[in-house]
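Dropping the structures in below, format is structure tokens.
Here subunit A shows up in two complexes: once beside subunit B, once beside subunit C.
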Partner chain A sequence: MIGNTPWTQRLLTAAGFFGLAFLTVPLLIVIPMSFSSARALTFPPPGLSLRWYEAFFGDSRWMEAMATSASVAAISSVAALVLGGLAVYGLRRGNFIGRGPAEGNFMAPLIVPTIITAIALYLGLAKVGLLGSFLGLVVAHTILNVPLVIMVLGVAIREFDQRIEQVAWSLGASWTYTMRKVVLPNLAPSVFAAWIFAFIGSFDEVIVTSFIAGKYETVPKKMFNELILEVNPTITAVATLLIAFTVLALAAVAFILGRAGKLKQTLV
Partner chain B sequence: MRGQGFGFIAPLLVLMFVAFNAPIVYMLGLAFWEKGRGFTLQHYEGLLDAPVYLRVLGNTMRVALVATLANVVIGYPLALWMRGLSNRGRMIALSLVVLPFWVSILVRTYAWIVVLGNGGLVNRALQWSGLTDAPVSFLYNELGVTIGMANVLLPFLVLPLFAAMIRIDDRLLQAAASLGAPPRTIFWKVFFPLTLPALAAGTLLVFILCLGFYVTPAILGGGRVPMISNLLDTLINQIPRWETAAAISTILLIVTLLIFAAYRRLDRKASA
Partner chain C sequence: MSEIRLEGVTKRYGTFAAADNVDLAVAQGELVTILGPSGSGKTTLLSLIAGLNKPTSGRIFIGGRDVTDAPAQERNIGLVFQSYALFPHMTVLENVLFPLGVRKIGRAEADRLARDALKLVRLDGLENRRPSQLSGGQQQRVALARAVVFTPDILLLDEPLGALDRKLREELQVELKQLQRSLGVTTLLVTHDQEEALSLSDRIMVLDKGRTQQVAAPTEAYLKPANRFVAEFLGIANFVGLPDGGQALVRPERIRLSGSGAGKPARVVEAIYLGQMVRYHLSLDGEGARPMVAAAPFVGPAYATGERVMVSWDAADLWPVAK
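Entry: the complex of A and B
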């Protein structure tokens, strides 16, 4: 129907391939460059080596940043999952007044430009003396990831037939028992997806972290600071590891959701 | 029974009030309040006096507009092409759009340094094809920042646009064709108007995100293309002028929320 004359069809195909290439080629170029033996970023690489991976794994500051990133992401993603999951359950199933504004408030960190959240948190944390503290960092990451959890679980809870829960209630199950035995097992694939998204979100967060983390270094913060100063090929190895990590995490999500037949609703 | 379920949202509500709403309100307070004098607009008067602020605002607007436009020019044909693919082709294309969306913005920005640098893929290709003799400098100028931002934000436009396009019933287009409309007319009179709300909503979303962009201009601009957020960074971290930073943040916040309200109206229309 659209573009059914041969040359418009060909033009459209070319435009489509260009769009996909524009999105993916830069990432695909980074991967071979990380195995380059040269210091300069020339493409194609003159020779192959693992020296940039050795530089990364052999540097205690990078390893420390990795540990900080992983622990902040682990704690804040679980906190966002629990708090956001409970909240979105209440929003979808409850009938109290003010659900709309409450949901708007929970989604706000996604809409307010991150730089403004960063500045507000910087000023606020400085005021209460928590600037540069681990607690401040974890709380900030939790807040930033709550919207992701609410989006993913919001769809899942709406599509889960409420009558199944009502049957459990009417048979005398307590709400904790219903949660544990009825709601959670049915939502498990979406809960897993939400947790992965929150974990990636926290692991990759750079703006707020750069403002409030103080002496704590995370992988993105260190990467950002190095990129501002000079381009160091070690970054290419870090970037490749991060791409691999994202691909694996998303593949796990796709696998779990695909098995539950829920992949399509989460993708679009 | 009214009022049921509030207990579920209470913990998160408390956290949001303490750790998000209160800091934002405190920031607004800094912008409009002077110790001992009360309400004041003096931090805003200072903004108008210094030409640097207006220059940064101009930079931000220009880069945001061009990057948004580039998004439309690349994103609309991409979504349209994806709509015409088979189910399997759609899944593959969709994965290739979603995957970069989840890759760290730092990695995606850094990838452009590798691709656009003097010895990078693009300059190698340009020199090999004989289009230029000397490397073209794409990095550390407005061009590089614009390319990087357009790239990072493209999925935000393509995903909702594609979702709107696959909701359009093929029978509408067949009806137009059976009434004798040529393909061009079918596209401009039937298909395009149906995608317009989603296109407008996506465009506004991308524009909002452009206005507050921080990482890409900082890295690909090399400090030579200051945008609002980089100015804010300077005002907080280098020359501490918190009140001025708070005043500029307040303006950016209000502009963002206004555009977001328009986006919400369009988005509801697009998904209705």
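Entry: the complex of A and C
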């Protein structure tokens, strides 16, 4: 029993705080720097200003990257939600030969090193002539996001009593009607969470995007490229915006799932 | 309202037969229970009739119509599970309205039918509650109302009272039987509880390892079991040797005890008070280790542990059972 004796408990707490600090210190440096008035990256900032935010929003290339990122994330997250949702429903509810390998195949992008997925997608998209195209980018991000959807919805479907669906069928409801009126309303919080995860997953993606995006710039890809060329404080503003967006989105997920969780507790 | 007929129904998972060549005919308005231990194939059989699963071979008829290949949606069956399986996001009334909405029944008519069904299960007044705000017994009543509100051809109940505590279960057994009789709906009820099967059924089908062991009225199954498995599953079974070397069943209530007189001498190993009855475990002189069990009304003479008694029974109460 770890954590039963006081000193192991204290050690664990200390380790936890250390880990948390290790993860948040970069944020504590980046966020103040983004509001710096200085021309170059200096810490602590000599004064406060919004100049790097103005630089970001005033730069048409950044705005273009933003638009690309947003549209790729929007389309690929919805595609992953629909395809992953149908796949995981089949995986959880179906009873067919080859279910294990099929699930492994869907989960692979999350398990194998990203660089391997990147090379595979590079070769695959080149073969079908989609390398460097917007559609290719969307397809790649969809494939990358499907495992996230499968993970989140897989748990939700497993926890939802299949007999509820079976009763709906026996009462005369078609499969699609049951989906719409019974399954989805009960799974809505998890569907929302899966969509957010997929959206963030796409918005943050840089490795695969760098391989296959060609002339298209997404926000993370542009950040990466800018860092290599010159250290421009605009990046700290972009990073801060990304952090804010991610934190807000995850907070929304926590809120929705928390409410559903409370709902579930009252059900029992 | 229709009869159910199964002809040679078999369901295999690989080489394992969860239902093995099952024949059954349930008459219109009849209540038949499928009784068997856990894993004997009861749920499998019910899911085949409901259309949630396809048999490997055999035919299923409801009201004379071959439904073997019909989807669950087209079978017009009321289905109730042990886990209630209510729609958690809907109110009680919405749950009961669901099958009527699917059937495109007008708003006013549907409302009237749903409220009538809820009255039938004594839940009027709780229309706007959520399932999570109801007790187990109330939830199962909602499930029952939802299963009968659209006048299904048949009713299938899979251990409907299995999740409830004993007292509530006995109450609901009576209600269920009355409801079934007043609706006159052909009903198959699955249970692993022999008392429930004996008290509710017109007939009992005993199942073991996917195979039918016997289909008979409760008293017949209890007193004249088709084999040793049925004899032991339906209650306490004493076996006595027959002159021809065979074995015969004698139920505990048919065994007479006396302080003196005719019979076989025995010693009381244990006297267990059960309220209405006293159960005696008896060791017959010069016989094997397995004690004989007798049950006597509490009002009769009582015997204490260790006391010597004479044991007897009528030849007419013996039922020969194959080993």
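The criterion applied here is as follows: the second predicted complex is superposed on the first by the 245 of 268 C-alpha atoms of A that agree within 3 Å, B and C clash if a C-alpha of one lies under 4 Å from a C-alpha of the other, contacts with A are read in each partner's own complex, and residues count from 1 in each chain.
Rule of thumb we're sticking to: contacts are C-beta pairs under 8 Å (C-beta built on N, C-alpha and C of every residue); 3 or more make two chains touch, one makes a residue touch a chain.
Being a predicted model, the structure only gives us computed values, none of them experimental.
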Note to self: Tell me the contact category for A:S170 with respect to subunit B and subunit C: first, second, both or neither.
What the structure shows: second
Next item on the list: Return first, second, both or neither, reflecting whether A:L50 touches subunit B, subunit C, both chains, or no partner chain.
Entry: neither
Next item on the list: In the overlay, answer first, second, both or neither for which of subunit B and subunit C A:M63 touches.
Entry: neither
Check: When the two structures are overlaid on chain A, which partner does A:V112 contact: first (subunit B), second (subunit C), both, or neither?
Finding: first
Checklist line | subunit A residues touched by each partner, larger count belonging to subunit B or subunit C | finding: B
Margin query: Output check: A:L248 vs subunit B and subunit C. Expected answer is one of first, second, both, neither. What do you get?
Written below: neither
Notebook entry, point to check: Where on subunit A do the contacts from subunit B and from subunit C line up?
Noted result: 267-268
Check: Which positions of subunit A touch subunit B when the two form their complex?
Finding: 1-5, 8, 12-13, 15-16, 18-20, 22-27, 29-30, 33, 40-43, 83-84, 86-87, 89-91, 93-97, 102, 105-106, 108-109, 111-117, 119-125, 127, 139-140, 142-143, 146, 197, 200, 203-204, 206-207, 211, 220, 223-224, 227-228, 231, 235-236, 239, 242-243, 246-247, 249-250, 254, 267-268
Next item on the list: Report the residues of subunit A in contact with subunit C in the complex, numbered from low to high.
Entry: 161, 163-164, 166-174, 177, 181-182, 185-186, 263, 266-268
Item checked: Residues of subunit C touching subunit A in the complex -> 47, 50-52, 71-73, 75-79, 81, 83, 85-89, 98-99, 102-103, 131-132, 143, 146, 150
Next item on the list: Would you mind writing out the residues of subunit B in touch with subunit A in their complex?
Entry: 1-9, 11-13, 15-16, 19-24, 26-27, 30, 74-75, 77-78, 80-84, 93-100, 102-115, 117, 119-121, 124, 151, 154-155, 158-159, 162-163, 166, 170, 173-174, 177, 183, 186-187, 191, 208-209, 211-212, 214-215, 218-219, 223, 228-229, 232-233, 236-237, 242, 245-246, 249, 252-253, 256-257, 260
